[in-house]
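Look at the two complexes coming up: subunit A is in both, with subunit B in one and subunit C in the other.
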Partner chain A sequence: MLSKKSKLFYVVMCFAIFFILSPFLITVIASVAGSNMFHFPPEQFTLMNYKNLFQDEQLWQSVWLSFCIGVTATLLAVTIGITAAMGIVKGQLPMKNVIESFFMGPLIVPLVTVGISFLVFFSTFQAEGTIWSIILAHSVIISPYVTRIACANLRQSNEMLEEAAMMLGAGFWYMFRTVLIPSMLPSVISGAVLSFLVSMDEYTVTVFLAQVNTVTLPIRIYQYTTIDINPTITAFSAMIILLSFIGLIVLEKVFKIHKYMDF
Partner chain B sequence: MIKNKKYYTIAGWLAALYFILLFLVPLLRMFTLSFFSEGKISFEYYTTIFTSPVYLRVLYRTLYVSFLVTGIGLVIGYAISYFISQKSEKQQKKWLILVLSPMFMSLTIRLFGWMMLLGQEGLINRVFSWLSPGKDGIPLLFSYTAVAIGIVHYCLPFIILNIYASLKRVDNALIEASLMLGESKVKTFWKVIFPLSLPGIFAAASISFALSASTFLVPLMLGGPNNLFVSNLAYNAIVNMGDYPQGAALSIVLLFIVVIVLSIISFFERRSRIA
Partner chain C sequence: MDRSDIQMSSTISLKGVKKLFERHAVIEDLNLQLKDGEFLSLLGPSGAGKTTILRMIAGLEYPDGGEIRIKSRDVSTVPPNKRNLGMVFQQYALFPHMTVWENVAYGLKARKLKKEMIKEKANKYLALTGLSELASRKPRELSGGQQQRVSLARALAIEPLVMLFDEPLSNLDARLKDQMLQEIHQLHQKLKFTAVYVTHDQNEALFLSDKIAVLNGGKIEQFDRPEMILSQPATAFVADFFGYTNTFASAILKDEHMVSISGVELPVGYTTETPGSSGIVKMRENGVNIVGNEEASGLEPSKAEKSIEAYVIEARYLGSETKLLLRLDQEGEHSFSVKIPQIIRPLPEIHSKINLLINADYVTFYLEE
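Showing the complex of A and B:
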């Protein structure tokens, strides 16, 4: 039997869950609404938005662009993360604590500050707006997610394995490929997935660098929702929301991601 | 393994070099840019910020809303985390995934959802006008209430994650001891559980403040032109007016505000640990 108090707590919790999920619910409802998307309740239901969605080339171009930027930037970030962790945990760097917080810097410095500094920096080479400027910028701001998890992994790793490999005649490079990288892989992958998601959704820094031919997905969504209002975006958003929820459940079932949720 | 140490050090330096080139150098360039006016060192851009009433109002708004939403977020987040931590292991996972799911969704899409909810003809206004007929609903969208709601929704998963982690670390034996020795449940909460979860609260407060004060997209989409934050002003200075040094100065002021508030929070955290 539930006491009166815990019943009240349940009601409050239901409100909280409703608050958390409400923007997703409304988007799914709006995606099948025939009328103006800012009008509630919808007057009729249609699948028009979904039909238009697959003919909207502009939107899919942005999806592809963001995907390419995300993949390249994540590869760079993984390289930074692994090498940084090797240096911090196992190498001989001076003032290790300072260097470690330096690598965490992009999480503390406001993204607007980072965005402006990249704009100033890349404009000296006339490189602002190029796809590479966005990739390099993303690689810096998403790398902390990999670096942090790679450091944590190396701190717990068993040094005996590494020594055994070297003792048995492996060179550093061979040991690195066959012992160190495989032992770091699971945690590095979860860091990489997270940083890929951050890159796909990055708006604040990108908006300073993006130009007409490098409109990434979040900027496109912003344009479709506020500047030239296009109801197709409701269908796209609803699709992304459903896919994310399915992905989340699958990831939890297969990888138990709640263990890695420690940002 | 002296030889290996050398390789590790080289790897570390390579990563540091990348970061110096693409993180430190751009920041320093922007920093120097904000101190030069027509080729001479000047504090012109900073004095503009601290004397113009427009800039001061936005600075005040940014700070006020950030503190407000951090407070609200901590209360809601603590209640949710405590509720989840009381469940059985298996239930906890399900609740956690549900509550943290927004973190994995695009922020632009989330804010778009809030735009539809808060608008003049949106769901929330409909409910209000249904509850009190005759009155026109209050336009929530493009007010700073809307910005506050958006930021709370944005920060909540991070707050819950931190507080939940610290609640999990509270030793059950201590709670049982307190109950066994005859303390009431409420007193046990305030005397045992709450003080032991303080580290999580401090961590949640810092991340929530840092996210709110530097948020750019939330005021842009939910606040409209009258509820801008410092970050939006910096953007406008650069993109609309082409005034790079002024934008740089604004964003550096923002950086210092965040760093100062975070150091104050960590100062209190250290004091609470000693006490």
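Showing the complex of A and C:
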């Protein structure tokens, strides 16, 4: 680490921050641009895009769809994550490392491959394009986030508390409910929030599965910028940017999410 | 009383208990019997296997051989939640997300007792341990001593068959330790529970116990009442653990009351060996006085005392005592240290010769190990 930071360090840092943030800035400016949204700088300003945004039913349907998929997939991922972590950390299983890697797999396998696999898989049941196929696919992709956090939490947890509970007459399930779950809850919630956001954001896999009546939000946004160009999307993006910043600040304040960001 | 009678009347009975760790036996053929209401301490240095024995009684580990009976029921492979034992942990092990009251009520709730019953018992044991005022606090708001008292109340509340203690005081400072020691003793007097207490501190063991099992390398060196262990330590290891810190090697037992070390004769208070055998002598640091100093120190010279000559290597004050480092003869290697329970003025000069009164009660003889 640099103990005494040079001027150059700050120059590079400012440049990096600008480089990262400038697209957001341009999007916000584009959302109030009167003419072509791909033209920068804009020649006139208008709130037309914001007005259209709240009347665009198609878009809001996609938001609702993605929200429902996100919530359901997250609930599934939390169930998978906690049970997987219990097995990996507390279970007496052979080859625990292999099992843990298996549950981390969706983070490692390229998403395009995952998408094709799910398409082939669900086609055999004629289930591609259904909302449940997308939910299942998402829960597989996002479960590593919960599994990882739940594993870390269980590894640090004080085994003596479990022993104390058992000595006091608690069976496994009573102990699990009254001791382990409450101690895991804060980190599992932050893992679940992260999972939910990944699901809301998922494009690569979903695009293989989505059909006319299951166009999720990221796919809709992509359509608005390529196939069926619609400047409403710049207003939508600006709103997401704003919400994301608020969300990040709240999450960091409440859950200290930076602790889980190093993977 | 024959063997089976002893078996019947004991609350805890360990028979031929064995425990392996990575195929290596850490406990082998361990036998122990404890009667109802007795307080047993398992005493030994770290690695002596005392915690392993406690955990096997608790059910947190299962023996690899032999059997463990509690109230004549074979519990060798019964899980801990089905044994009805109370345990106090070294690191308290309180549930951090529950209040003091919820911690104490935990075992009662797990037993699905009626609400009024839970309330009554939790409040009773909170009162007994002086915690009623703190019932709604969280563990992190309490001091170490208070936390350990919650842990004690929580274990007592389930009214267990046996109370198990795993070095409960080793995280407390000296003053609190004394206070908790008193409290545990008083609770035992009042409630008459059967207890197994693991410690490496002989003072705790002596203060609390009806019986002490001194452990070394997974084996019981001596299992007896505190006064017997103090006056008749069975092995050199036990003697060393209970303050017989001086060791004289290559000693020869002349008769039951006399031992010779390089020609110097010492009185012996306790030995089980036959005259003529050679071995080691263990001697306490105290129980020694300088000839001519008896009156001043208030110690009555007794028949068991014998006067010997010794040479001063070093003499220092230690609190209200005088500590002397001595040797038996001028050039010999038999050095030893003694504490005279008085401030001697002036300090004996280095290399000078002094006459010492040795009390036989503080000298023991063992065969070479």
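Brief remarks follow.
The rule is short, and it goes like this: the second predicted complex is superposed on the first by the 258 of 263 C-alpha atoms of A that agree within 3 Å, B and C clash if a C-alpha of one lies under 4 Å from a C-alpha of the other, contacts with A are read in each partner's own complex, and residues count from 1 in each chain.
By definition in this document, contacts are C-beta pairs under 8 Å (C-beta built on N, C-alpha and C of every residue); 3 or more make two chains touch, one makes a residue touch a chain.
Keep in mind it's a predicted model, so treat the numbers as computed, not measured.
In this overlay on subunit A, subunit B fits alongside subunit C without clashing.
By the document's definition of touching, of the two partners only subunit B reaches A:G105; subunit C does not. Of the two partner chains, subunit B and subunit C are each touched by A:M166.
Within the superposed three-chain model, A:Y174 lies in touch with subunit C and out of touch with subunit B [touch as defined at top].
Within the superposed three-chain model, A:P218 lies in touch with subunit B and out of touch with subunit C [touch as defined at top].
If you count the residues of subunit A touched by subunit B and by subunit C, you find the higher number for B. Shared-chain residue A:N158: touches subunit C; no touch with subunit B. Contact with subunit C, but none with subunit B, is seen for A:S183 once the two complexes are overlaid on the shared chain. Of the two partner chains, neither subunit B nor subunit C is touched by A:I227. Fitting both structures onto chain A leaves subunit B and subunit C with a minimum C-alpha separation of 6 Å.
Looking at subunit A, you'll find residues 163, 166 touch subunit B in one structure and subunit C in the other.
The touching residues of subunit B, counted against subunit A in their complex, run 1, 3-5, 7-16, 18-19, 22-27, 29-30, 33, 76, 79-80, 83, 93, 96-102, 104-117, 119-123, 126, 153, 156, 158, 161, 165, 210, 213-214, 216-217, 220-221, 230-231, 234-235, 238-239, 244, 247-248, 251-252, 254-255, 258-259, 262. Listing the residues of subunit A that touch subunit C in their complex gives 158, 160-161, 163-171, 174, 178-179, 182-183. By the touch criterion stated above, subunit C contacts subunit A in their complex at residues 58-60, 79-81, 84-87, 89, 91, 93-97, 106-107, 110-111, 154-155, 158, 164. Interface residues of subunit A facing subunit B in the complex, by the touch rule stated above, are 9, 12-13, 16-17, 19-24, 26-27, 30, 36-41, 80, 82-84, 86-88, 90-93, 99, 102-103, 105-106, 108-114, 116-121, 124, 136-137, 139-140, 143, 162-163, 166, 172, 175-176, 197, 200-201, 203-204, 207-208, 218, 221-222, 225-226, 233, 237, 240-241, 244-245, 247-249, 252, 258, 261-263.
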